[in-house]
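Below you'll find the structures, each written out as structure tokens.
Here come two complexes built around chain A, the first alongside chain B, the second alongside chain C.
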Partner chain A sequence: MNAYTKYFVKKSGWYLATLLVALVLNFLLPRLIEGNPVSTIASQVSQGMTDSDSIKKVYENFMKEFGIDKPLIVQFGIYLKHLFMGDLGTSFGLYPRKVSDILASAVPWTVGLQLPAILVGWILGNVLGAVAAYRKGLFDKVLFPAALFINSIPFFTLAIMMLYLFGITLKWFPISGGYDFQMAPHFSLEFIGSVIRHHTLPFLSIVLVTIGGQAIGMREMSIYELNADYVLYSKLLGIRDSRVARYVFKNAMLPQITGLALSLGTMVGGSLICEIVFSYPGIGTWLFTAIRQLDYPLISGCTLLIALTVLLANFTIEMIYGIVDPRIKAAQMEEN
Partner chain B sequence: MTHSVRILLKSPKFLIGAIATLLMLALVVIYPLVNKSDPFEMKALAFQPPGSGLPLGSDNFGRDLFLELVYGIRTSVAVGLIAGLCATAIGLIIGLASGYVGGWIDNVLTAVTNMFIVIPSFIILILVSVSVNSRSSLVVALIIGLTSWPWTARAVRAQTVSLRNRDHVNLAKISGHSTPRIIAFEILPYIASYVVMAFILQVASGILAEASISMLGLGPYNTISLGIMMNWALVFEAPVSGAWWAFIPAAFAIAVITFSLYMMNTGMDEIFNPKIRS
Partner chain C sequence: MSPNMLEIAQSDVPAARRTVLEVKELKTYYKTRLKEKVHAVDGVSFALEEGKTLGIAGESGCGKSTLALSLMGFYFPPLYYSSGSIMIGGIDIMQLSKEQLRKRILGREIAYIPQAAMNALNPTLKILHFIEDIMKEHRPELTKSQVREMAAERFRTLHLSPDVLNAYPNELSGGMKQRTVIAISTILNPNVLVADEPTSALDVTSQKAVIKLLKELIGKKFIKSLIFITHELPLLYHVADDIMVMYAGEIVERGTARQMIFDPYHPYTKRLMGSIIVPEEGMKAHKLAAIPGAPPNLKMAIDGCRFADRCTYAADACRHGKIDNRTAGERVYRCIFGPGTLKEWYASEER
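This part shows the complex of A and B:
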């Protein structure tokens, strides 16, 4: 286990460094906006406010939050301190709501939509890709171009097409929101039914696009493995086909797990845009609203949350991968 | 070179992709020469269905959607090409530097590359776009290029490392050739096919990135791109009005362009990597 501990510590160090880079980017980029962001922003927020006292209060509040009068490095310290206390600042667009409150209300929707969708899409895609590589013939000839085409359709395009076809033309599913608007969230069969009906279309559109990309990757990996020498050798030894297939797919599967880790960022980004199309009450829709209102704290809150989640997911996958993949285990042993 | 091109032309996948791309490009170059009207000009009422005068109907501002589509494809392809060129160039330089030179340069560059692979480029794209006040399509293209190089850098580095200790490279070293010369004549020719394929993929992902970011409302100003058309359709609730012609053609155009680019890439992959030829 010693080798694994070393691997764990090394990886943790790298992820901490990456986290720091992500934090610096999140901190620095919105501060590159020309001029004094606070006055630009405060004048936008206080538009329509006539009471000079409340305008002053808004201004001072943001001044304190940004700490604009202090040097940049001190500002970063303040930013980190607030972050550790779970304080992401105050929203401009929905003043005086806290960004962390808005995000907390959105996270369950996003997680409930994306986690199952990405997992189901990944599993189905891998199974289809493997079967296409193994069966070849007609199945492969049909599946491969179809997967390639679906994969080249951006997430939101498929979402918008499904919205139009199943939501508006056929009226099978509701077209926006997370539940029927006249309902208050409560625990009842009716409410859960409504949530499921609203969940179906965005879920399916994410699953479909994910299947496309994964099936292509898995097909390629499997073909590569099927052509490897050990397959021919096992066949010559007279090992049963089903058993050889098992070896092949185990080997082809492992890179697909890293593939999942690495493409997670793209997938999450794409799924966020799916949410916008369906006005699903998740992070993506808030991000869309925030960008339209130039609500910087909410924008950077959303981006930070997404970056953190993707980093964490990647880290988890790499940790599991270190245990599962014998090749990485061997590399750990060699280093010792 | 001519030999590789001749082989390529025998691959049906590559041919389909290339022909579709060329047809699309021909359309968007020739059509504005025939129909010289301004795509921003309002010609009809909002959301008119496709008819005789307007092949794809009108959008929420009453503008000719077909003309918009043509200009949109033009901008999107241009953004994709510039972004792809930029990303491939950066990835190639970083990959070659870290792969061939090695040592601490390799360690630093690999660390940076790995970090930017894990931080979603989509997020950096949003943060930079929000911070840049005046975004022309060139600026958007450069931002996309600057955020999407890590994949290419990693792959180029891996290939360069495997080439670095081959005999012909060592021979060139002993003969006293300079490092840039060795890279240009002994390394580059071996990874050229890969770089071209990476470029095609980068163009496709550049077009997709532009569409996603424009869809969010962070696209270039004062121009029409496919993503911006989708954004307008969504903001002005075209789906609810039943105006399919405001978003389906744009969505379809994005899919067709990226599909044909992927097809070209797959075709080339099968030729240059004989192992996956089934």
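This part shows the complex of A and C:
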């Protein structure tokens, strides 16, 4: 077994262990929230009933149906057993919809919103940051403070301001939802147009913050690399500027790639605020609803999905990074 | 230094004399953020002959490294060229465009070894790929396999393992990295190699290996001549044929290595020799003495001798007007006093 395979196996072990801990927390934390999900649901169902016995019966039925009458440890066992069979359980709040169905309907919205936004923001941010570092002058003097400014506004403030300005005041874009309410999702130009109109504002808000953060990071990294000794040395050997610039930007990009992978990993979880502000029908909105209703299986399902994507992204970066950057590879080998 | 390093120094017999580099009244300056000019190299002239090693010594901030960079004809903020000429192979490189300089001079006629060779290599580029990039600029007709062959051949000749070519810089030790940088810098057989403190960050064993390598480059005629910049004067005794001492942006004295070490004329050279920690024969009797005071501020024009304020022998005449060079045999030094007067003073000092 070579050093890299050994490293791979060892890292995989660590990530599995982390996943197990995450599983326990996913299960446990929602159940530690004060309150009882069944009492709300039972009171809704038993509206109009006067007989306290039948109300109690409804309550107990739900307790049994949801399986929360048993001790926690038994519930955990059942949860794990179902999980290994690919069953995330049944939602309490949207009973009897399956959690996996809800997630499956929400994931495309979240990914469809976040993935292009993060990619576009990341690419634009890095290009702008690199150009600012390389060209300096007026371009840098305008871009850098602007990026700092945007990056310093809390995201929810920015999102609400955009919603207010473009949605409510100027009425350029709709203010909530993933598509017009009166439509049913289907394949038509009209529906796609509606989706795009609803998509634009949340998309732009994410692009804007991503550009800010990435441009600042890339600018700093590029300035650092541009002043590295190898730049001068390479130029003094007659290597043309464009080739030296390639060295610089490749090296400056490395930490930025980590940033991209991390933000793709946290994409699902990071969408929470954006989706709530724009009432976008993705994972974030569902998680928010689930927490308000103490919908244990749905909360656990959402957080499990988030944990999985974060772990997977981190694992992928660690594996790829070792191949791209020889310094990190050396450090990885030493660990073994 | 060990005795066998002396042998290396003495076995190197210089060949026919032909000037490879001639610098005339070179002036360069740094521009500070407050738009002040710091005249770091202020009217430097010297010539370098084929087969010779010229040592440049001086304390920190005297302009040694700036001179090294200035010699490359390559200026970038905050360093600016003011006036003077640098003749290499009959061309004044200051008259060339940036692109001509890059294509015809840098790496081919004159090459550079930076002060911190540890960081001189791009950490994410294999040594061979870096050499390939250099060849793409200067020898585009060569194929990749020819470049590989040529580089491996050169590394073998210089007693470096060709395996180094497939390594990333971080896989090499400090001494190895330094020798690799030297091998890369000289791969196009430049006429002049400018080495800025190439041994300063190394342990004694690695220093020896680096100096041996530099000698070998001249011996095998891979380079025609070497400029070796250091703050360690005694080291120059083993490396250099001639030594120039720099002070406050000017050359204050030039002579052969032996003359400069054992019989300095200029009061600054004398003081510099007196402030060195060297457990070496013929030099161990002296007491270690620091030079009082600090070098002058190079942002302002200086009237008279730049060393006057720190010189124990300074007279009124030293503080006004331009101090010209005096020539005494092979020796050139910038002082108003004759060798006789100075020697008398030095002798009385030792009594």
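Basically, the second predicted complex is superposed on the first by the 264 of 336 C-alpha atoms of A that agree within 3 Å, B and C clash if a C-alpha of one lies under 4 Å from a C-alpha of the other, contacts with A are read in each partner's own complex, and residues count from 1 in each chain.
Going forward, contacts are C-beta pairs under 8 Å (C-beta built on N, C-alpha and C of every residue); 3 or more make two chains touch, one makes a residue touch a chain.
Bear in mind that the values here come from a model prediction, so they are computed numbers and not experimental data.
After superposition onto chain A, the partners chain B and chain C occupy separate space and fit alongside each other.
Once chain A of one complex is fitted onto chain A of the other, the partner contacts of A:T210 are absent, as it touches neither chain B nor chain C. Once the two complexes are laid over each other on the shared chain, residue contacts for A:N26 go to chain B alone; chain C is not touched. With both structures placed on the common chain, the touch criterion links A:K235 to chain C but leaves chain B unconnected.
Of the two partner chains placed by the overlay, neither chain B nor chain C lies in contact with A:T285.
Rounded to the nearest 10, the superposed model shows the Cα centres of chain B and chain C diverging by 70 degrees about the centre of chain A. In the superposition on chain A, contact is made by A:D325 with chain C only, not with chain B.
Shared-chain residue A:K250: touches chain C; no touch with chain B. With both structures placed on the common chain, the touch criterion links A:I223 to chain B but leaves chain C unconnected.
If you count the residues of chain A touched by chain B and by chain C, you find the higher number for B.
Taking all C-alpha atoms of chain B against all those of chain C in the superposed arrangement, the shortest distance found is 11 Å. Taken together, the two complexes place no residue of chain A in contact with both chain B and chain C. Chain contact summary for the complex, chain C toward chain A: residues 72, 74, 102-103, 105-108, 111-112, 114, 116, 119-125, 130, 133-134, 136-138, 168, 170-171, 181, 184-185. Residues 14-15, 17-18, 21-22, 25-26, 29-30, 32-34, 136, 148-149, 151-157, 160-161, 163-164, 167-168, 175, 220, 223-224, 227, 262, 264-266, 268-270, 273, 276-277, 287-288, 291-292, 294, 296, 299-300, 303, 306-307, 310-311, 314 of chain A touch chain B in their complex. Interface residues of chain B, counted against chain A in their complex, comprise 111, 114-115, 117-124, 126-128, 130-131, 133, 204, 208, 211-212, 215-218, 230, 233-234, 239-240, 242, 244, 247-248, 251-252, 254-255, 258-259, 261-263, 266, 275-276, 278.
Chain A makes touch with chain C in their complex at residues 228-230, 232-240, 243, 247, 250-251, 254, 324-327, 330.
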